[in-house]
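Next come the structures, one after another.
What follows is a pair of complexes built around chain A, which joins chain B in one and chain C in the other.
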Partner chain A sequence: MTTNTRTTSGTSRPRHANRKPGGHGERLVQWTFVLPMMLFLLLFFCYPVLRNLTMSFQEWTVASFYEGGSPFVGLDNYIALVTDPIFGRAVLNTALFTTGSLLFQFVIGLGLAVFFQRRFPLSGTLRGLMLLPWLLPLVVSGAVFRWIYDEGFGVLNQLLLGLHLISDPIPWLSSTQYALTSAIIANIWVGVPFNLVILHSGLQAVPASLYEAAALDGAGPWQRFRMITLPLLRPVIAIVLMLGLIYTLKVFDMIMILTGGGPANASETLTTWSFALSFEEFDFGQGAAVGNLLIVIALVFALLYLRSIRNTFSSQGERG
Partner chain B sequence: MTTTRRVGNTVVGVLLVLVFLAPVYWMINVSLQSSDALLRTPPAWFPFDPTWSGYAEALRTQGSHLATSLVIALGTVVFTLLVSAPAAYALARFRLRGTLALVLVVLLVQMVPGIVMANSLYPIFSGVGLLDSYPGMILADSTLTVPFAVLILRTFMSGVPGELIEAARVDGCGQWRTFGSVVLPVCRNAVITAGLFSFLFAWADFLFAVSFTTGNTIQPITVGIYRFVGNQTTNWNGVMATAVLASIPAAVLLLTAQRYVAAGITGGGVKE
Partner chain C sequence: MVTFGLALLLVTAGCTGGVSSRPADVVVELDHYTSAEAGRQFRSVLDRCAERFGLRIRRQNVPVDQLMPKVLRDATAHSLPDLLFVDNPDLKTVAKTGALTELSQYGLSGEGFYPGIVEAGSYRGKLYGLAPGVNGLALFYNRTMFERAGLEPPETWQEMRSAAGELTEGSTHGIAFSALASEEGSWQFEPFLWSNGGSLDSLDSRRSVQALEFWAGLVEDGLASRSVVNWNQNDVIDRFAGGNAAMMINGSWSLSSLDDSGVDYGIVTLPTPSTDIAPKVPLGGEVGAIPETTPERQRDAARVLGCMLERDNMLDWTSDHAYVPARTKVAEQYAADRPVMKPFVEEVATGRARTAELGPRYREVSQGLADAIQATIAGSTSPREALERAARIAANAD
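Let's look at the complex of A and B:
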């Protein structure tokens, strides 16, 4: 980096005449700042995404790697996918996983954010500790929940048995009935801190005078929450839900380590299915096709997200 | 508010944290008990008879994977900062044509599902020999960290006082010199934040790790844990000890840089 800095400023030094802002040489030097990132984006985003698109129209298997043949098959991959019985299952699971995670992450996150809005000793420290689940590697959280859910020795069943809420241990991860719910619960735990932080910073922006005025007018806590907090928080809520949705759509680690998408595809989502098609069945063409479906869904919500932050975004752009 | 109510809130807050962090408590608790103790039901609520055997096994079987992840994560930090710090400065400061569009692109690429990247990078990496290699993992993980770092650094860098930059320019500093000796030192905290998060993202990455390290030559800790959990039958203390060791970067970040964490979540607003 040091050498880089030296040479570049060295070569631009003689062009003193061009140093006025917006001068031609100046512009070129300015572009050298962005060039590495643009190259990286081209090589590691644009090219792979395009490659993924073309792969989805090809028969791309193990042989393609060794012999190089990957015949064009048109829409065959897509047709194979939608006629696969797993397709409906994976779409439904993705929808359930996403809405279930989002709903509870948001409600719990909002409740905690409202609570930590109060001023009391250790408030900041305690709120900070709550961030830990978000910072832990997902594989670590997944491993911990694997033990918690363990049918024989896990603490969850032992707790429920001890409280006489159940009479037999529940096979949380190994039954088709509970696998998806178990994965959703673990994922809710991971996502609460994200909601808590963003909603809490949103709450900080609500003027305290509004609450005082409402309290003087005789509004109770619930009324204040409904008439002041919720409406003023709406833009932040939109962002939290939109981002949460985009991230939850592509959750992979948690499901993979808990259930691997099983048993019998009971917890298979589009993401884990795409992985299974490519990296377990070595049908990269079909894996790519599922991936493209995910891109389209993510893009729709990404555009909604960009619309919702347009105002903050353009004001930042002007400042820069 | 009365003192009793404030103290009451603290008590409720502590209880909420205890309940919420119970899984973390169990991770540490289980990691300190012997495998035999863990096969008894109900499980011990506290490691009354703590043993380090889980940690000994974790280091013996997973130590090399921890080292692998360390190299990958540090490499990702260096590469990410080299690419994104100048770009963020340009996007924050220079009025270049198309910069606003470029910021939009950086926002959008974060929405590309990781599985799509894994799927398409695999044949590409296979073709150029980047599978099972440190450079391959560093480049792959950088797709998670570069957009994030650009966005967070850009926010900070647009807050640098213009007078500082002007002064350096008047003194005859070139653009890069100004950037290196004025902007970067002033934005040191932002650079640290971006670096810490890049480290954490690369350290925690599982999808690329499991897709691109097919052999046994290099194996990051996330894959190590995944295989450990898959193989284990009664060895929960070893698994949990590994999980604790793999949590150290997150814990360090939380304890030493708590205020940056909130800034990171709200500023970049992204995690896989």
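Let's look at the complex of A and C:
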């Protein structure tokens, strides 16, 4: 990140020098644009993150709130977390939830994007309709899915029973076996439009002449997809996956509404566990520690993301 | 004229805008009665009491799961409300922070109240909270279904089980309850745990395990839906009101929605292992407490709380709210006037505070218990294993 800013300021300096060295007035104007943003970041981003960090090294109980006594306990909170039987479960669930959601969101999104690349009647309208899941508040989607999944009255079981695909209703949300999968399926449905939109706009940038030329050379649809679409779409794919990953890591509402992390922690992820620790068990130190863990994981991928867009831009620069 | 009006506006705005320096005659109150009806009823008793002392009430209410986080946040900023109504098992947690004042200093005492209620409002032998009314659980049964099958309302576990078995048919389950992974799940199971001689302090004991075996067996044998692990008590009301459950375990607050549904129902006290054992229900409901603010504001809040605890106000509020009055004498009169509330009143007499055994440790143990219930019902663990794990959590709770 630091190198990035350095290069930009490096390129802009000569331009300034050509004109006239920026006087005090210009500096002031520049600062008035930057200052509100910096204040905002400090107040609403840096402070909470630092606070969360210090909190995770303290023993924060209910008494700490009123009397303010919250002794530093070093790594105790983290040790307690790692030795908690729920920890392994939550990490595994988070990984399963994230990769499962991401994989299917992407594959389905890409399929639909390629499908909508062709022009046919109502394609615009249909594409607009595909956006609906994305526009709905998650609370609404969650509530609807709760109803769809209901063991006795849910649409899904009725449908499967009617088609004679199953003989007994499946306890989608009420068995430890299916709960996580059910949450993942609901989340895939929510995430497909995002993938569709970004990938579709990426496809628009692929020159049609390439396909024509390939067709003349005798390339079939699969070959065209593999040799033209995929390589040219690669930068967009990197962005979609990276953003999707960061979003999915912190999904909270969907799981909370569907299962609340249950039954018996079967769908507990790091986010729901952090909530439970802080606001149900009032162990704010441990809750903060889980939160920090999530921040670190997200940060790693965010850095990878920044790297990838930088590479994209520089490679585009070379090409152009 | 216009400028004068503007000036007047500014002056009045300036007067009401002084939030930080609150005039002494306003009592700030916080509760979680978010439903329109319950809120209105509570408000009317509050206002009546405030009026008597020339006070005004600024009422805040938040959804039940946000109340404790809000209390803790307010505690950090030392801006707690003057009068606070918290769920009774949380009282000891708030008292532990040192934010509450003892009620005896305002001349309020638990004399004449049910001992379980006084226990729920006490922390380390001192009284910090009192409530005008409490609630408990009972067994609701669908009278039409019972009559058609020629059944009597059950008194023992065995009778309840066999009645549930006979009435389970198609999409109708014999019984419905909540086994949510939160306080609601523990609270619904506790009467069965306690009346079997189990205890929150020894969750891995034989009697505790037996109780969970019975509870989970209802689901395992298909007498209750497996979805109970996702149902809160309102979902349970919906199933019962929709005729999809022949019996349900629920509280008196569900009366008003049941009366609207048109189901013909009866209520009996919760079944116990045998007829010579009285049901031991956990006491539910909220207790009023007075946080440490300033002497004047504490005094004003105490006046309002004291007024709410008076016989007539207590009677008014509890009958509107379908709660049981917290004073024994008032409750007896109340049960005589309202037969439908009789089972609840009977149970409150033998009911116990959830925090009686564990104090502020209750919350953590209750969460462990709810997880154990879920683990058993959702079918991944045996009752013994699940409760042994819960007992280990209980032993480490602080």
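To be clear about the criterion, the second predicted complex is superposed on the first by the 289 of 320 C-alpha atoms of A that agree within 3 Å, B and C clash if a C-alpha of one lies under 4 Å from a C-alpha of the other, contacts with A are read in each partner's own complex, and residues count from 1 in each chain.
Throughout what follows, a residue touches a chain if its C-beta (ideal position, glycine included) is under 8 Å from a C-beta of that chain, and two chains touch if they have at least 3 such contacts.
Everything numeric here is computed off the predicted structure, so don't read it as measured data.
*Asks:* Once the structures are superposed on A, label A:Phe65 by its partner contacts, choosing first (chain B), second (chain C), both or neither.
*Replies:* In the superposed model, A:Phe65 contacts both chain B and chain C.
*Asks:* Where does A:Gly152 make contact in the superposed view: on chain B (first), on chain C (second), on both, or on neither?
*Replies:* The answer is both, since A:Gly152 touches chain B and chain C.
*Asks:* Considering only the touch criterion stated at the top, classify A:Ser175 as touching first (chain B), second (chain C), both, or neither.
*Replies:* The answer is second: A:Ser175 touches chain C but not chain B.
*Asks:* Touching A:Leu243, do we find chain B (first), chain C (second), both, or neither?
*Replies:* first
*Asks:* Counting residues of chain A touched by each partner, does chain B or chain C come out ahead?
*Replies:* Counting residues of chain A touched by each partner, the higher count goes to B.
*Asks:* For A:Phe279, decide between first (touching chain B), second (touching chain C), both and neither.
*Replies:* Both partners, chain B and chain C.
*Asks:* Taking the superposition on A as described, I'd like to know which of chain B and chain C A:Ala264 touches: first, second, both or neither.
*Replies:* Touch partner of A:Ala264: chain C, not chain B.
*Asks:* In the superposed view, which residues of chain A touch chain B and also chain C?
*Replies:* Common to the two interfaces on chain A: residues 65, 146, 150, 152-153, 279.
*Asks:* Provide the residue numbers of chain A that touch chain C in the complex, in ascending order.
*Replies:* Within the complex, chain A contacts chain C at residues 62-63, 65-67, 85, 146, 150-153, 171, 173-177, 179, 259-266, 276, 279-282.
*Asks:* Quick one: in the complex, what on chain C touches chain A?
*Replies:* Contacts found on chain C: 65, 68-69, 72-73, 75-76, 78, 93-94, 96-99, 171, 180-182, 225-230, 244, 360, 363-364, 367, 371, 374-375, 377-381, 386, 389.
*Asks:* Can you check the complex and tell me which residues of chain B touch chain A?
*Replies:* Contact set of chain B toward chain A: 1, 6-7, 9-10, 12-14, 16-17, 20-21, 23-24, 26-27, 30, 38-39, 41-43, 82-84, 86-87, 89-96, 99-100, 102-109, 111-124, 126, 139, 142-143, 146, 150, 154-155, 158, 169, 173-177, 179-180, 200, 203-204, 206-207, 210-211, 222, 225-226, 228-229, 236, 239-240, 242-243, 246-247, 250-251, 253-254, 258, 261-262, 265-266, 269-272.
*Asks:* If we count contacts the way the header does, which residues on chain A are in touch with chain B in the complex?
*Replies:* 1-2, 4-5, 8-10, 12-13, 19, 22, 26-27, 29-34, 36-38, 40-41, 44-45, 47-49, 51-52, 55, 60, 64-65, 112, 115-116, 118-123, 126, 128-148, 150, 152-153, 155, 158, 161-162, 189, 192-194, 197-198, 201, 239, 243, 246-247, 249-250, 252-253, 256-257, 271, 274-275, 278-279, 284, 287-288, 291-292, 294-295, 298-299, 301-302, 305-306, 313, 316-317, 319-320
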